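Naming follows writing order (A, B, C, D and E), and every chain is counted from residue 1.
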Amino acid sequence: MKRGALKRALGIYWWVLLFFLYLPLAVVVLFSFNSINSAAIFESFSLRWYYRLLANDQIMSALWHSIVLAMSSSVIAVLLGTLIGYGLYRHRRRGLGWLIVLIYLPIVMPDIVFGIADMTFFVRINALTGWLAPGLGPMILSHVTFEIPFVALIVYSRFVGLDPTLFDAAKDLYASPVKRAWHFIVPAIKPALISAFFLSFTLSIDDFVISFFTSGPESSTLPIYIWGAIRKGVTPEINAIATLMIAAVIVAAIISLLVTRRRPQTPPEGR
Amino acid sequence: MTNALATDDAGRPAPSITLEGLEKSFSRDVIALDGVDLTIRAGEFFTLLGPSGCGKTTLLRILAGLDTANKGVVRIGGHDVTEVPPHKRSVNTVFQSYALFPHLNVEDNIAFGLKMQGVEKDDRQRRVREMAEFIKLTPLLGRRIDQLSGGQRQRIALARALVCEPNVLLLDEPLSALDAGLRGQLQVELQRIQRRLGMTFVFVTHDQQEAMVMSDRIAVLNNGKIQHLGTPREIFERPANTFVARFMGHDNLFDITSREGDLLDTPLGRLTVDTRTHGDKVLIRPETIELGEDAETDANYFTAVVRESFYRGSYIEYRLDVGEVSLRALSSNQGQKLHKNGERVPISICPEDIVTVTDGE
Amino acid sequence: AEQKLYLFNWTEYMDPAIITAFEKQFNVDVVESYFGSLDEMYAKLQAGGTSQYDVVVPSNYYVPRLIHAGLVQPLDKSQLPNLPNVMEKFRNTAYDPGEKYTVPYQWGTTGIIYNEKVFPNAAESWSLLFDPEVNKGQPFSMMTDGQVMFGAACAYQGKGYGCKGQDAWVDAAKLVLKTKHRSNFTGFVDGTPVLPQVARGVTQLGLTYNGDYLLDKSENPEGYKHLNFMLPKEGSELWVDTMMIPSKAPHPKLAHQFINFILDAKIGAQLSNYNFYSTPNQAAVQYLEPELQQPPALPTDEQMKHLFFTPSLDGQELQMFQQIWSDVKSR
Amino acid sequence: MPPSFEVSRRSLKWRETRHLLLTTAPGALWIVIFLVLPSLYLVSMAFMTNGPYGQPGMPLSLDAFRQLAGFGFLGWSPGNLYTLLRSIWQTIVATGLVVVLSYPIAYYITTCRASLRPIMLLAVVVPSWTNQVIRTFGWMNLLAPETPLSDAAQFLGLIPEHMGLFPSSFAVTLGLVYNFLPFMVLPLYAAFEKLDTTLIEAAIDLYASPMRAFWAAVFPQTLPGLLAGVVLVAVPAFGMYVVPELLGGGRSMMIGNLVAGQFTGASNWPYGAAAALLMLAATLIGIFLLRRLGKRAGGGEEVVI
Amino acid sequence: MTNALATDDAGRPAPSITLEGLEKSFSRDVIALDGVDLTIRAGEFFTLLGPSGCGKTTLLRILAGLDTANKGVVRIGGHDVTEVPPHKRSVNTVFQSYALFPHLNVEDNIAFGLKMQGVEKDDRQRRVREMAEFIKLTPLLGRRIDQLSGGQRQRIALARALVCEPNVLLLDEPLSALDAGLRGQLQVELQRIQRRLGMTFVFVTHDQQEAMVMSDRIAVLNNGKIQHLGTPREIFERPANTFVARFMGHDNLFDITSREGDLLDTPLGRLTVDTRTHGDKVLIRPETIELGEDAETDANYFTAVVRESFYRGSYIEYRLDVGEVSLRALSSNQGQKLHKNGERVPISICPEDIVTVTDGE
């Protein structure tokens, strides 16, 4: 029937699209093992660029900075964002329009404007007080800022999805405010907390522009390092770093798949 | 069962509840409770009945401590608990939507209240298992909530509240989400549990049928005020006013144009009534109308024309015209032939079955 | 190491061995950051960099700008005992009268790198870049530095590399814009990364610095066999890179020690021998490799006649230049 | 009732307000301090004068805006207008392509086995977890001259001989599409998953042909997801900096590059701030228009970004 | 009303439907329809009744053309439509979830089918307005769907189907999402509309009460097979088998241990029955049991013990024990006193009211 043909065509299209999505990454990975410095010809397999990479302190510290930045900003953002998400939910009947506008602001603000706004502001504060000198600290501050809204929205929508009488039920069943938070609220929104953390982490990893403008001489992240390297002249070393990052992401993807898979899904009912 | 955290004196497991002058408004326009005085007796199955928005849930939430009244006092077992927060009241609620914790399995759901009260793990487990046994849930203890049917959830919500051995159990339309069959079963089951445990149950429903089946006493609420407080039979057969009568499903209500002793003039004709009542309207319950051969010629005898008839299985419903007036009659289905549309049939109403009611809001 | 020295330098401009030696001798860590163009360096300093770096290495024509903008601090010559090593002609220069702020680092030239196989009989002329008849379809790039590009265009238009002023710039801008719109133009590239591009064949022609060319060639003789560095006869750039200390440098003392270290005769020679640029250090000359005494590392006297400093711009002039240049880029 | 009861009601209200503050204030303040104040500072900078060496300062002036509008020492120049129009055009083309590419994919995923769907979604999303610089770098490798793709394009006569597919505005569009595709697939998938198929049946039952059934029953239902996706794609695409910088080669400058250029190169902060303001304004207008469109077409369902 | 696109001959607005040997399976295990032969008469209100999963929706979808049978023929008005696609059948469906288009307002929803058929704008508007008038929706025409109550949506779904003037209207549990009150109203309304338009209605429900109230005839389905086809009365009073009896709510079913002419031996005792039937079980409907004073001593007279009694308003429900056997009885509430638990009461069942049924699956 016609439906079958459509589905088959879509199936083919799916693989074409996947090819498109992974081709650039695959090329990076492939040429990271090239024995010569060429983007056109793959001569033979070699690990030479990886040796150079491992010997390079700057790359290693950039890697470390990326991880520290993503980790610490995500932890802070999950904390603050969860609080906002809860506050938004709990007081949703009050007109909280201003708060919602505030939360959407970092989402709609173009990266570049975000980055230069923070950069110029931090420079000004630094000139006046000596605080906020470009570096990992301000980078974390900025990253937290753009991660908070996503956390808040994820947590908020989880709360909205909860039956509101659950809160009453917890009170009714003798839970004091603290016990309520610990035995009911946190476990009930745990899936949201996990995905909020994951999202924050990937947002941080994906960011380049904001990091670029707030970083200092000693706080380059991998993307900043790669950016600099590209502008210095492309070398297969960049392929090698990028490959490490791609590998890490794929491992993370598999882990997240396994984690989310362990919760048995209820079979979708009938038709 | 004895209660560890009971706020009233030991040895008096089922307390009475007294509400005095309870008022609650959410805004200037929305008055949910408009001066409710009420005493619920120890150990009774008490039902709050009323249409949607009449304030039933609000009343229940104030009893549970989940909401605060603007005015008035709540006493449970004689103690003023008006300002006691919910987690310190020995009152538990079975919520309409059950409100089972989705992140906990059945066992942990039932144990939640005990855990919050700080009951030791061993003791807790024992009590949860006993309760599961009692309510026939033992095989489900390990299940996740979303793997349960509506009826099973209902029983778990009940178990979760009961295991805390509260003095008072509040139930907010716990059956309204269920289909008719399951609902009937659980009505009976709930009633049995209450009788067995001797707790005070305060049950909320908007279904008069359900209220009548289950309750010792019923308070009919409308616009935040109690309209009628009494046993099911009192309320069904002698409704306090036309609102209660209509809400109980009675539609044969007629104006009284004039009265002379036990004779009332109504649009239907002249009616002989048994007792001297002072209501403004006369109420004829459809099932008290005798039809055809059963009609007795001595009192309140009329000739009616059948307008429509509906086969309802156990009974047959007729829409009758008596002169200008339209009348509903129910007749038990004992295999008799249906009267045809347009057929003239004699009807009679026994004087004792006719009551008068005052005009309600 | 307790202390750190923050060095903000051009890419591919420093012998790692010198850094190691300095770190050892003074028991410090050197943190290197890089820039690819002077614009970028200037922007970084303005964006808080003045308190982040101890030593920066700007070229001659940015020196007055840095001084006037207050982004750098005067040097304490008492801390620079090696200063006399500097050649006389690099002392008390026009860009730093009184020698208050700068010490020269290296000097060199800016020219065209191209593939001889693709352009077999290329004349020593900017026509290779600007004349579409000379390069009909081969991919080429221009330099990100607008002043160098305008200088080149002016030279090609016969107004000399060091041109200045609205009329000259507008004419230059028109030429650059026309060139930019040619279908084989591939983009604006910094002087250093242009080399691997040409070496890989991504482009066949671009602007670069003489020392970088030699350095890359020495690392990859095979790849650079057919690549040539050329100084157009119409006139091109001669530059001096200098060492300066940002106004709020965290470790000015270390900075002076570092500058003095570079001024050392042997270290100065080691630097040039590494990066193939000419040294302004008289004392170092004796230690230089012979290769550094001949073109393209050291321009011939003949070539010297066609080499000019890029003019330092100021105030109104600077703003006008920047408007014109940013217009070229956005169109 | 005793007055103490009234008092406790008032304290209840205060307790609620305190709760609101305790929960939302830390995060809200964070955003205020690290985004709102900086943005206000940036806005104020747009009204300052550029000093002779590129430091913003007094007096206040509208020079930056005048320059942004194209008025300089040399009279009016259309350069910035080109840049703005180019950015809008690139955004529209890229977003359009993303929609066309994503729609069938989102649908296809919903037709697959439920257990496969999370894996498929992940497969689409994973590339975007790597950094945008790396992704773009991958395309630089792929599109450079003398690579198979460029050779093929040359062979087909799509590009001149010797040239690569990069740098070019084609490469920029490609980079944008590649970067933002997952942002469209996710909300579209969510919309497809919620799709009420009985609506399709109802349409067919009411004599609609398959094509008309699609427009009547499928498209409107996916429209909220589509619009959400458009916002998620178009907003960052419009502000994109990395892709045009790396893949555009200075010929396809977008407004993000204009802004960045003033802070990483030319050093004219007031001018950069004014351009940033323009960018922000354009973004907000775009979002506003999309929301309007969404409300009109989406049957009232809010577009959630 | 006449139909522009009717597939059958003009002048015969309501066609009959014939299904022959319909079979449908979704996989080897899931057999949804297992050989259904059925004739639905022109202009009748026909109901498919059965428990969840019995194949009702599947049957309806095959009628609408939304699903294809594995075997069998569907005839509408005598024409074989088995292979006609849905948008070419003059059959419309009211879906359980209404399936109203959320992006269209009420008017455009109702007009959708006409638009798809290419009806001119003027004509379309006129017909939509007429239909809106008819179904009392005119003030709502401009509203968005999400601004409507469940009952209003239901009527719009109906209007949307009716305005196309189909020959056959299919309704898949259109009332099951509504609360009892609204449901009762709409049951009556639907029935009236059907009678007024004289269309053939095929109605699906799992609620036997609803089926009885509304239908001309009912087909009881189970496991994809028709168990009983007949009028509501036939099905309620003479169920074809125990499955049908149980599904209609009858629970007084007793084995027949031996039979002698019109005398049957059952666990209840010896029963005299009226007709000679060959069923395996005897069925006593609770409302046919006469209780207390009403019991007649001449036939099927027993003494029962009241185990429980439930006040149900219009009637009273008793659980009785007769020896070992438990029996349910309903007695119309005519103001009489309730029998107490444990009280011994005489009961009798009229021989005509006793039926026998065969063992169903």
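Everything below uses one rule, namely that a residue touches a chain if its C-beta (ideal position, glycine included) is under 8 Å from a C-beta of that chain, and two chains touch if they have at least 3 such contacts.
None of the values given here were measured: they were computed from a predicted structure.
Peer 1: Which contact partners do subunit A and subunit C have in common?
Peer 2: D
Peer 1: More C-beta pairs touching across which pair, A-D or C-D?
Peer 2: A-D
Peer 1: Averaging each chain's C-alpha atoms to get its centre, pick out the one most distant from subunit E.
Peer 2: C
Peer 1: Using mean C-alpha positions as chain centres, tell me how far subunit B is from subunit C in Å, no decimals.
Peer 2: Their C-alpha centroids are separated by 91 Å.
Peer 1: State, to the nearest whole Å, the distance from the C-alpha centre of subunit C to the C-alpha centre of subunit D.
Peer 2: 38
Peer 1: When the centre of a chain is set as the mean of its C-alpha atoms, what distance in Å lies between subunit B and subunit D?
Peer 2: 57
Peer 1: Send over the residues of subunit C in touch with two or more other chains.
Peer 2: 46-47, 200-201 - these are the residues of subunit C that touch more than one other chain.
Peer 1: What parts of subunit A, by residue number, touch at least two of the other chains?
Peer 2: Correct list: 39-40, 119-120, 122, 213, 230, 234.
Peer 1: If we count contacts the way the header does, which residues on subunit B are in touch with subunit E in the complex?
Peer 2: 180, 188, 207-209, 212-213, 232-233, 236-237, 248-249, 285-288, 310-315, 330-335, 350, 352-353
Peer 1: Write out the stretch or stretches of subunit E touching subunit D in their complex.
Peer 2: 5, 64, 66, 85-88, 91-93, 95-97, 99-104, 112-113, 116-117, 144-146, 160-161, 164
Peer 1: Of all residues in subunit C, which touch subunit A in the complex?
Peer 2: 6, 8, 11-12, 31, 33-34, 36, 46-49, 51-53, 190, 192-197, 200-201, 220, 223
Peer 1: Which residues, counting only subunit A, touch subunit D once they are in their complex?
Peer 2: Going by the criterion above, the answer is residues 7, 10-11, 13-14, 17-18, 20-25, 27-28, 31, 39-40, 80-81, 83-84, 86-88, 90-91, 94, 96, 99, 102-114, 116-122, 124, 141-142, 144-145, 148-149, 152, 202, 205-209, 213, 222-223, 226-227, 230, 234, 238-239, 242, 245-246, 249-250, 252-253, 256-257, 260-261, 265, 268.
Peer 1: How about subunit D: which of its residues touch subunit C in the complex?
Peer 2: Listed in rising order, the residues are 50-55, 67, 72-74, 77-80, 82-83, 144-146, 160-164, 167, 248-251, 253, 258, 261, 263-269.
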